[in-house]
Structure formats: structure tokens, C-alpha cells
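Dropping the structures in below, format is C-alpha cells.
Look for chain A in each of the two complexes below; its partner is chain B in the first and chain C in the second.
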Partner chain A sequence: MTRETLISLINQVFVDKFELDPADLTPEKRIFEDLELDSLDVVDLITGLQHTFGIPLRDNKELLQIRTLANIYDLFEKLVQEHPELEEKLAKKP
Partner chain B sequence: MKPRVVITGTGVTSALGFTRQELFQSLLDGRSAAKSRPDWREMMPNAPQIVAATVELPEAEVKAIKRHYRRSMGPAALFAALAAKRLVAETGLTQEELSGGRVGCIASSTLGSPTETYTAALAVLNNSLFEQSACQFFKIVSHSTAFNVANMLGINGIQLSPCSACASSLQSVGLAYEQLLLGRQDLILAGGSDEATPIVLESFRLLRALGEEPSFSPEQISRPFDAKRCGLVCGEGAALLAVETLDHAQARGAMPLAEILGYATICTGAQISQSDSASIVRCMQLALDDAGISPAEVDYISAHATSTVAGDREEAAAIRTLFGDRVPVSSLKGQLGHTLGASGALETAVLLEMFSKGILLPNTNLASPAEECTGIRLLREPLQASPRIILKNCIAFGGVNATLILRKFDSN
Partner chain C sequence: MRSILVYLSITLCIVLYLTVVGIPYLITLMLPAETCAHYMRILTLYMGKAVIYMALRPFARVEYTDSAAGEKAPGIYICNHRAATDAFLMAAFGIEAIQIVNGWPMKLPFFGFNARKCGYLDSTQTPLESYPQIVRKLLDKGVCIIAFPEGTRSGARQMNPFHSGIFKLAMDLKIPIYPCCIAGNERFPDRAFKFHKTERILVKRLPSIDPETYANMPSAFVLKKKVRSLIEEETSKMDAELAP
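== the complex of A and B ==
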């Protein structure tokens, strides 16, 4: 999976869950300060990412450390490498 | 001497208008909120016809509420939030006042949000509870209307939700009045909201209290006190009233619209699905006692009368016992439908316009008063009048009664 595809999938979660403008979703944006998410939103973010990628994330400690969008993109790049089956699963999604 | 308590503003979300003035004018013009809802057929397969008085929200106004606040609102809380914004605009309350600890919010609904409860139920059935929004709980809980309004406006005083189904918002106004008498707050946003959904309609239908007579058009179904009444039309909406001490209103230069003279709420203790005339008499008498007035001083009664056979009969009997056929009586539900938990505050907002315009609105669809509802003065046409004192009833499941007594504001 290309990084662009990954970014697109992640950004779609932000658009769907938090009514954000896709144009505002640039890698340096800070989740809390710039995108104005809070702790309740982070619960929904994790649920949304779990739904999109089909992997359990609730207890992922690295995810709780994220500060920027770039942090999320990097983390998911790593997770996709660790879960090669994800490529196939995501390709089957409508 | 107890402090005087007044109403200084309103916020309204209704099927017939988004201000009390607009709502009053719609009612005076004879408009009906009742609509056919064939889109609910799947959930109500056996109903001869499906009619509800639902609200169409202005999308731009909804979007103007920040997602941060909107995310925890079901429809009922959203109706109330929109009403609250209009109340703040009308009253000119500042952020400093709202967040100064002396302003509270008492607002309620029947169920929190039946729409969102259904969404959660579907998640249970689909084994997807783990995918629910973190805010789903906040949309469903019984005090959702109150905390969503308080949170959006930064209100940090008292927050309460007296949830008693169709008496909820009148109890909120009454409780606000009592809190102000106790000196706990200076001003309280008080009222409530509710939503009409197939779940709510089917609950009334099960009890044979839903209007669905196929020979009537949607706007003819709700017919309080009429011989052919056959059940209510479920409505929805919200209203919040700015209830404050007269001293506080005068200190901030607010113009009172009416004074709350008295209030009472009791239950029958005998029946959960309806009230009875004896307890309604007792409730109205307690409110009159609280106001320190006699029945002879009441100029108009805004009845609860939802167009159910038993409910209208019991309320008419109670009014006949206390007031005979002297006082004009009407229910607004012939046009507005029964806005459930919102009805007390929403109809009270209309009463403020009756004071100001000098017009008492009539019962709609009252073609032939039922024999058991005679002996009271049922209005069938708008009446030019100068009401000084108005009595408002709400009656609810649980055998709950509530009565509020208002006086046209007079600085003396």
C-alpha cells in the first residue's frame, strides 16, 4: 500500500467523524491544538481507525502517544508492514 | 415576603415557527403541524394512517452549532439547543452572566432521545456496541437536554431535569420558579424538548391513545374535547423560558413578559397511564393557593387536553368542578399536536403572546363538544380579551399533574 493510499484512508476517518475539511488535513497538524479534537473524539478516532483497518487498536499504546497527523500516518505505515494481510483486506473493501 | 418571579424571554423550536410570535401567528392563522408520515410505515405496519407533527430544522442553523457541542445531541437536545440560542439572542444575556454561577438550566424530555436509543438498540442487535460513538450515551441519558444546553452556553449553576413525560417542561418551569424563590439562582433557563418517532407513536397506539382514524385528514385528527376525538397527534419541538427574579430582571434592564404567580405538581398515586379529575382539581387548587388567588380571578385556562377520550374527559370534569362554565378554555394541540415533554413550556410561550396580543386562541377541530366535556366554556373562535391571569395545565403518564399560574406583568 502506498503512503498516499494510507493517508487517504486515515484522512477519510477524520472527515467522516469530525466534519473536517480535507484541505485542512496536512501532516504537521496537531490533533488536539489544530484539529480541535478532545478525549471523547479520540475514542471515536480509534473506533473509526479500527473499523477502517480491521485491526484492534484500543490497547495500542503507540496510538495514545500520537500528537500530529504525521504521527498517525507513520504508525499505520508500520502497522501495515506488521500485518501484511491488511493490504488484501483493504483491497476488498468497497 | 417572597421574591417575584418573572419570564423575560423565550426560545422556541416548533413545527409552526421558530419564535413565540411566529408560533402564535401560525396558530391564529389556523395552520396545522400535522403531517402524514408514510415513511414510517415499515415500523408501524398496522396503523390505518400515520400522522405526526414533526419539525423541519433549518440546516444552516443546525450547522452553526459547533460540532463539539452538537456531537452529544440527539434530536430533542438539538431542538432545545436551537431554542436556547434564540433565547440568549432575545434576552441579551452575556457570557459573563451565563457563566457567573447564578444562572441555571432546568430542562427535560420524556426519554432523552428515542431516536438515539433506537440507534443503540440496533448496535446491540448487530453486535457492534464496540463501534458506537463515545457520545452515544450522552445523547440517550434522561438529562441530555439540560446538560447539552448548559454545556453549549457555558451555564454553570444548577442543572436539573424533572423528567415526567408530558409534564416534564412545565415541571422544569415550576422547579425553576421554586429554586428562584429559595434564592438559589437569579435566572434559570427552563423548559424542555421532545421528539416524535415511530417508537413513541407506537407506544401511544398500543394504549389506544394515538389518533389514526382513517376518515379524518391529518389536520383533522387532533380534536381536543370533540365528540369524535380518537387520540392524539404526536408532535415534537422545544421551548426554553428565561425565568428570573424580578429584582434581577430590573437590575439588568430586562422587560418581564409575565409573572409566575403559582405552581403545583402532584400525582394520583392510583393509576400510571392516566390522571383523574379529582387529582387534577387538587393540583389546580394547590396552584391557586400558591398564587394566593381564587378561581374567580382566572381569566383563561390553557388545557393539557391532548384529544384522547379519557384525558380530555377527566380534565374537563376537573375544570367544571373548579371553574364551571365561566372561564374560557382551550387546548393548542388541535393544531400543534402534542409536543410531549416540550408541551408545557412551548404552550406557555404562546400564552405570553396571548397576554401581549390580547387574543385567546381557540380549540381547533371542535365541531361538536363531547357531552362529557360540556359545562365548561370551550373556545371555538379566537377571542379578543385582556387576560390578566392564565392557568396552564400539564398531565402526564405516571398519573402526574402540573399547573402553572401566570399573571400579565404589572410593575405594581
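== the complex of A and C ==
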């Protein structure tokens, strides 16, 4: 899976869950300060990401370090590499 | 000098008010907790009215507009938060309500005691999971909830970002939301509690947002953004009306 596809899938979660303008979703954007999410919104975000990628994230410690969109893209790039079966699963998604 | 006079006026007003309602106030304190809370909320409502329409009157005129006239269903009042006087200005709504406050007001002498007796919720002490039950119980009794989702006073005309908690609660419990706007008191007092010259303070209740309206929103974030933008749009108009 290319990084572009991954970014597009993650951004779609932001659009679906928070109705954010896709143009605002640039890698340097800070989740809390720029996108104005708070800790409760992050719970919704995690639910959305879990639903899209089918990876349990609840106990993922690296999520606590996330500050920007780029951090999320990097984390999921790593997760997809660790779970090669995901590529096939995601490819089947419409 | 102005600040001293305002504080003096508020203190005098409260002392006079307590002199008038002293006996009912003391009797109320002896009632069982829930009954006490109900009567304390009523007494506090009229104390608030006395403060905003009498004590503050020589310094600033408070004008209330209700754009949701006739809407009586108990709900969550979401307000922008510019100054400490907001807590008193809530009396303009004329409703029995509790406020969700941010720790320190609960520690104030007299006001903190009153707030605790009224059943105000201290957001720093109340466990998140207990809110649904407490809020549902209050609403069933016709008591409204007043929240300032900015979390702290902005001290200026601009609004801080909102926290999502109260919107998540509204969505979970399917509660009407009343967006409310306050303008003119951003320096009355400022963040250092100093009162500056202010002629008018405007308070406005906007039409409610019913649970049916927000039922299809994908998250509390979307609801908070909508409410915030309604309040921001209206307060901008109110600010323009106050100062050219």
C-alpha cells in the first residue's frame, strides 16, 4: 500500500467523523491545537481508525505520542508493515 | 476605584438580599439535601438577578433577549465565557439551573458554599462516568444545566476552542441544547478581576437545537463545532452593536 493510499484512508476518517475540510488535512496539522480535537474526540478518532483498518488500537502506547497528522500517517505505515494481511483486507474495501 | 465600587456594590447587594431572605435561607439549609438544593437554586437565581439588575446597574446595564421565547423544555445551556460575571449573568435566563464549574469557584467563600448547596458540578472533581446519571436526574426534575465549554474565561472578544464532553453527554442523553451568547463583559472584570468601563452587557438565548436535529451527526465534535459557530456568529453581531 502506498503512503498516499494510507493518507487518503486516514483523512477519510477525519472527514467522516469530524466533517473536516479535506483541504485542512495537511501532515503538519496538530491534532489538538489546529484541528481542535480534544481527548474525547480522540476516542471517536480511534474508533474510526479501528473500524477502517481493523486493527485493535485501544492498548497501543504509541497513540499517546501522536501530536500531528504526520505522526498518525507514520504510525499506520508502521502498523500496516507489521500486519501484511491488512493490505489485502483494505484493498477489498470500496 | 471602579473595581472597588463594583465589588462594594455586589457585596452590599448580597448582604441586603440575605437580610431579606435570611430566614428562608437558613430554613432551606436545614432541609434534606435534594430539597435544599432546589430551594437554594431558586434563592441563588434571585440573588443573581439582584446582582445583575441592581448591584451592577450603576456601572453596566444588562440586557437580555430571548430568541427562544416559549421554549421551556429543560436542556443544556451552552455559553461563551469571557469573564467571571458570566456566573451571575446566567440569572438573566430566569431558570432553575446548575452550572458546571471549573474547580476554583467552588472554593470561594460564600459563593462556593452556595454552589455546593445548589448542586453545581465541579468539573475537576466529578467523575466523567457519573455525569449521565446526575444530569438525567436533574433534567427530569426540570433543572437545566449551564456549561461553558471553553473551560476558562477568554477575557477577550474571541472564543477559545470548545471541549466536546458536554456535547457527547447531550448526544448520549438526547437533550436539547440552547446556545447562549454574552457580549460586552470581556473586561468586566478582566482576567485579573479588575472592572473596566462598560456600558452595556448583552445576554441572548438562541433557539434550541433539538436532539432530532443532531441525531445524525457523526460525532460530538461536529455538534460542538455547529454550536460554537452559532454562538460566534451571534456574539460578533452583538459586539458590533456594542462598539463601532
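One rule holds in what follows: the second predicted complex is superposed on the first by the 94 of 94 C-alpha atoms of A that agree within 3 Å, B and C clash if a C-alpha of one lies under 4 Å from a C-alpha of the other, contacts with A are read in each partner's own complex, and residues count from 1 in each chain.
Please note the rule applied: contacts are C-beta pairs under 8 Å (C-beta built on N, C-alpha and C of every residue); 3 or more make two chains touch, one makes a residue touch a chain.
Keep in mind that this is a model prediction, so the values were computed, not measured.
Participant: Clash or fit: what happens to chain B and chain C when chain A is overlaid?
Facilitator: Taken together on chain A, chain C would clash with chain B, as the superposition shows.
Participant: Using the superposition on chain A described above, determine whether A:51 touches chain B (first), chain C (second), both, or neither.
Facilitator: first
Participant: With the two structures laid over each other on chain A, which partner does A:16 touch: chain B (first), chain C (second), both, or neither?
Facilitator: In the superposed model, A:16 contacts chain C only, not chain B.
Participant: Is A:40 touching anything from chain B or chain C once the two structures are fitted on A? First, second, both or neither.
Facilitator: Both partners, chain B and chain C.
Participant: So which bit of chain C gets in the way of chain B here: 9-17, 45-53, 153-161 or 189-197?
Facilitator: 45-53
Participant: Considering only the contact definition stated at the top, list the common interface residues of chain A for chain B and chain C.
Facilitator: Common to the two interfaces on chain A: residues 18-19, 36, 38, 40-41, 44.
Participant: Name, in rising order, each residue of chain A that touches chain C in their complex.
Facilitator: 16-19, 36-38, 40-41, 44
Participant: Please give the residue numbers of chain C that touch chain A in the complex, ascending.
Facilitator: Touching chain A: residues 161-165, 168, 218-222, 225 of chain C.
Participant: Which residues, counting only chain A, touch chain B once they are in their complex?
Facilitator: Where chain A meets chain B, its residues are 18-19, 36, 38, 40-41, 43-44, 47, 50-51.
Participant: Which of the residues in chain B end up touching chain A in this complex?
Facilitator: 67-68, 71, 130-135
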